[in-house]
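These notes concern the structure reproduced below.
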Amino acid sequence: MTVSEPSETVTSSERAALDQLYTDFAAANLAPLWTQREGLMPNVPQPDAYPGVWRWSVLYELAARSGELVPVGRGGERRAIALANPGLPGTAYATPTLWAAIQYLGPGEEAPSHRHSQSAFRFVIEGEGVWTNVDGDPVAMRRGDLLLTPGMRWHEHHNTTDKPMAWIDGLDIPFVRQLDAGFFEFGSETLSTRDTPSRARNERLWGHAGLLPVGAPTTKASPLMAYRWESTDAALTAQLELEDEGFPGVVEPGHAVVRYTNPATGGDALTTIRTEMHRLAAGCRTASIRVAGSAVWQVFAGGGEIELEGELHTLKTGDLFVVPSWAELSIATETGLDAFRFSDDPVFEHLGLDRVNRKEEA
Amino acid sequence: MTVSEPSETVTSSERAALDQLYTDFAAANLAPLWTQREGLMPNVPQPDAYPGVWRWSVLYELAARSGELVPVGRGGERRAIALANPGLPGTAYATPTLWAAIQYLGPGEEAPSHRHSQSAFRFVIEGEGVWTNVDGDPVAMRRGDLLLTPGMRWHEHHNTTDKPMAWIDGLDIPFVRQLDAGFFEFGSETLSTRDTPSRARNERLWGHAGLLPVGAPTTKASPLMAYRWESTDAALTAQLELEDEGFPGVVEPGHAVVRYTNPATGGDALTTIRTEMHRLAAGCRTASIRVAGSAVWQVFAGGGEIELEGELHTLKTGDLFVVPSWAELSIATETGLDAFRFSDDPVFEHLGLDRVNRKEEA
Amino acid sequence: MTVSEPSETVTSSERAALDQLYTDFAAANLAPLWTQREGLMPNVPQPDAYPGVWRWSVLYELAARSGELVPVGRGGERRAIALANPGLPGTAYATPTLWAAIQYLGPGEEAPSHRHSQSAFRFVIEGEGVWTNVDGDPVAMRRGDLLLTPGMRWHEHHNTTDKPMAWIDGLDIPFVRQLDAGFFEFGSETLSTRDTPSRARNERLWGHAGLLPVGAPTTKASPLMAYRWESTDAALTAQLELEDEGFPGVVEPGHAVVRYTNPATGGDALTTIRTEMHRLAAGCRTASIRVAGSAVWQVFAGGGEIELEGELHTLKTGDLFVVPSWAELSIATETGLDAFRFSDDPVFEHLGLDRVNRKEEA
Amino acid sequence: MTVSEPSETVTSSERAALDQLYTDFAAANLAPLWTQREGLMPNVPQPDAYPGVWRWSVLYELAARSGELVPVGRGGERRAIALANPGLPGTAYATPTLWAAIQYLGPGEEAPSHRHSQSAFRFVIEGEGVWTNVDGDPVAMRRGDLLLTPGMRWHEHHNTTDKPMAWIDGLDIPFVRQLDAGFFEFGSETLSTRDTPSRARNERLWGHAGLLPVGAPTTKASPLMAYRWESTDAALTAQLELEDEGFPGVVEPGHAVVRYTNPATGGDALTTIRTEMHRLAAGCRTASIRVAGSAVWQVFAGGGEIELEGELHTLKTGDLFVVPSWAELSIATETGLDAFRFSDDPVFEHLGLDRVNRKEEA
């Protein structure tokens, strides 16, 4: 009960009047602030989402069973199985803004063409042989690659091999659903192309560091749809080497980070989702930080442990963990660890809601 | 059921395997996309929020009764009664992103100091005599004025008269709650100032068209906290007069609009909420439009009728109506109408999610 | 002679070879850096432009005599007499980037319509009764007003009274000439309008602090063409009053400054020229500062003295002074002083060339 | 004589008064607009700069002779020989804004450390073995590379081989000189480093397409100092291949262009100078265009011919040509041609002065 509530000395007639008032509020589709202010406006974020870990081995096993039992096709569209945060019951949301799923495509399978206002990416932890056609431009998917399908771009996937392939999908489905900003269209029933080039047309146009094609228009989301592991790995390696040589580059000792960006603007690759790859050198322990905004991480290589809201979790390659807003996180590794992170940071930054708290060393 | 669902010819062992799969999904906090894709990603926005009208007479009467029965004070903080959209049960939200309430302050009453990351404004439909102190700068509130309290600015209200005063509060509470971006702090128990100047210090510094004070820093949200009715009225009058004289200025025939902006950047006055005043000349009927994003309107003067998602509503001065995302809206007036509108348009525009559909004339 | 020059011990054959080399350079339209590096790239700016004062009484008297002797008409276009900096001989430039002139229009006279890529403004130190038609929109000119004609806007002046009127014109003629960026077109031989409204259409649309017309397009240069003295005066008064009351707002003690800006962006009113009004309270002495970039000032009201590159000058109302790049300037006044300043600061800031040095107190 | 000049029917006393007026103007350091308006404000740019060709063979031969006769050292700083446009007599300017020179460094020679507000680049047409240390970061220089030294970055060159090396230097010396924006400082007398890595630290941090180092600050000018030929070549090759395959990418048929940009912003690599590489496929003839702003080109590979302001010039590898503002240019090649272009386009675009005219086909 808040201070604004009438005191216990109210008379019974006052109480009756008050009861009538609340009844009348409800009848008029109104609700008083004073009885719920604290829940609506907490002192610091009180996320419903649960901070926790999802094991890749579990995800993969269930995805593979789905591959046996559930066809891919029009309507369901994708054989994707999403992290359903138990703190957000009834949803298939990892956080209030982010969707994270494993997608599984069997030998020779095709996922049909569609487009939507939701921004999407795929990040590949293992395997290869699937191509995503983006507006008819075939983009190879290989281990360590980040592949984009920004809002309203047609896309379809097809597996050209005789082996299944799985990866994670990240989207802003919860955020767009909350905003009622979603538009969706089905595309053609047949693949736009069966070409399987190693390098997509968009990579050939936009994938040259610092060089922009003058003849191509710039866009808010990245026109580059593929960020290859070789390049990401080299960038992270360089940061840690520079640190060893005594030069700046890392965000904290032993902790290298690259952000995937629109080469034409330097802004985030997707308008609503930040994507980054982190590398921790062997023996690194990050500072404990709280960030306003939520994130999902996946261990890409190596292993380690996290302290997340006071709980320790040991992580292996492929494991995902969800960091709700303002949850305290520290990551440590003895042998080194690469981790992919995606978050709603761009939303916070564009709107002036970003905030970070870094815990000082004891 | 989606096309991806197994057909009805499945064997009972297949069905059992499938049942086990779904059970295992749930146990692992996972959820398949294919059973819920359509709900998550509709073809066009399918807002839960209800498009409807709230009557000022009802709001005011209930607010006045609250003034008798419920004290204002620390904890509840404000005697504000919010539009609780019946499509969003269990909340006090007007739309998924916007909070809209009537606030009522009795003679001599004070609403205590606090600050929060949520952006807020007050729009005054009648009365005067309350001052909002923003970071200690007393801002008079009068009919037709828009008053801002951007995120993390200390603010408190006090009624200096022997009459009650009521106005509407607009905030991004639902949006910030969804993002888990809320920070809140209580301020001093005593008013920072009892000064009651006609013009606040921020108005004296920033309230000169096209003139910026070189000695003052610019900020993302507007440093100008008060937009006076005299100025808004003059701007709208000019647009319609120019139209009569044959010059451009209005958004469509008979329809003038001004946007409240940060004078230092030209951007929206608040980072997450767009605020605008619309004036329809007598006899005007607007085009029917759908906008991605939600809005709340209040009739400030005059009256008219709206067609909102196919339903007609007659509006009087003070009435509010809620327009969920992609709801079709047309406004008409025989005698002229002024209406204040606030919306989540800045969120949509910053993130590349904005979309408008204008219905062509038959 | 630079260190790179051969020493005096060169043999005569070496000298001959060197002479031949320089001869061959010249024949090939080439020039060595090493003989002129210091002049081309001085340690600090070494402006050719002279820091000095032009007296309004002299300007006005000569302008009046021109009014008797020189007609206004097509070709010459304007009866404007420019500050010809003696450090920039053969030009009519105040500084390497700025043009500053007195323009004089006799009773009933008209200056014909033209447009050009050069940005222009008029600042009125005395008189009234002339209208500038900007794209057919008649803009009244009165004491203390700043009036704009951004690049490629048609404009013409006409004096509606039986008295002459004079004002200063500021343009980026030298800068545009240097860049070879000038485009010029003659307009109609007859006035687009003889209307003489007190307030132009652009003022009616754009002249409301913080309020933007949603139906009108934004532009790089200001769409507002007139900044009225009443508003400028009020803004400056407020800054000094706030200082007296103990609040921020001035740029240094006793020194108020407003910048004329594009209300739709907060940027400079003109793309290449910064325009500002300064007010010094009685007894104020500004800090001595050096700014990279040049400026022209005109005393609008009151008087005082400046120390400009070590020389003292006493100033009366109307006097102009020119501050070349990096010239040291301090202004003092016993009784108070208003001064209009225009400069090439936007060029420096956009291109990352801006630099300021503030002399510390002894 | 302009229309504003008094007609020939003036009386002798009028003429005497007029003569006196002009005399008095001069004495007061004033100049009338009406006698010079046309020269100051031409209808279209009337550049003084000469459109013409400088032959690499001539430049190289004179540079080599300078290498024999003129030492490199403190004061002269660089053995650079500049294009001295005969239309800009007394200067060493290629255009009113751009400096272009051949720099020549003999075996084992060093050019001493300095820094300045002028932006600079080097473009290498042949040779290798020189390193430029930029703020102590050694940057290798090789054929086809573009190397930057943005404003106020310390830089020095040293030749590590027993062969001379020559390249072109491009700077904004004339523009900065005109603005009086130049600041210059001598650095250490000894090299900051003799390291000769293949890849500089800045390349290791910033040279990964679409990937930004989160731990490094962004800057207005590019933090990437080297753009390697392999990458430029690949980008141009891709554009022409995509054209052959029927996809967009080129600016006009057979004409590929990449712009060197700041990877953190997508803006021009230098704040005042645009840098681009053009490739014309065999048989390509570009449209004839006029651009407001000046440029210098160098043929990097292949050959062809230009039509420049109506004159034909045949070009070989290494030849430079200067295109003054608004000069009409078309380039043709039978066998294919790569050409580097630098220009003052960023100045024009930032300030709203940009304009292009494309001649329609007959």
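Here the chain labels run A, B, C and D in written order, and each chain numbers its own residues starting at 1.
Just so it is clear, a residue touches a chain if its C-beta (ideal position, glycine included) is under 8 Å from a C-beta of that chain, and two chains touch if they have at least 3 such contacts.
None of the values given here were measured: they were computed from a predicted structure.
Engineer: Could you tell me which chains are in contact with subunit B and with subunit C alike?
Structural biologist: Expected: no chain.
Engineer: Since subunit C and subunit D are copies that touch, is their contact same (over half of the numbers shared) or different (under half)?
Structural biologist: same
Engineer: Over half of the residue-numbered contact pairs in common: that is the test. Which of A-B, C-D or A-D passes it against B-C?
Structural biologist: So the equivalent interface, with over half the same contact pairs, is A-D.
Engineer: How many angstrom between the C-alpha centroids of subunit D and subunit A?
Structural biologist: Inter-chain centre distance comes to 44 Å.
Engineer: Cα centroid separation between subunit A and subunit C, in whole Å?
Structural biologist: Distance between chain centres, rounded to whole Å: 52 Å.
Engineer: Centroid from C-alpha atoms only, then distance subunit C to subunit D, rounded to Å. What do you get?
Structural biologist: Distance between chain centres, rounded to whole Å: 29 Å.
Engineer: Residues of subunit D touching 2+ other chains?
Structural biologist: Residues of subunit D never touch two or more of the other chains.
Engineer: Classify the chain contact graph as line, ring, star, complete or other.
Structural biologist: Contact pattern: a closed ring, each chain touching exactly two others.
Engineer: Per the touch rule above, enumerate the chain pairs that touch, sorted by label.
Structural biologist: Pairs satisfying the touch definition: A-B, A-D, B-C, C-D.
Engineer: Write out the stretch or stretches of subunit B touching subunit A in their complex.
Structural biologist: Counting only subunit B, the residues touching subunit A are 2-6, 14, 17-18, 21, 24-26, 28-38, 40-47, 49, 52, 54, 58-59, 62, 65-66, 68-86, 91-92, 96-97, 101, 116-118, 151, 173, 176-185, 220-221, 271-272, 292-294, 324-326, 344, 346-348, 350-353, 355.
Engineer: Given the complex with subunit D, which residues does subunit A contribute to the contact?
Structural biologist: 201, 204-216, 218, 222, 224, 227, 231-232, 234-235, 238-239, 241-242, 245, 247-252, 256-266, 269, 276
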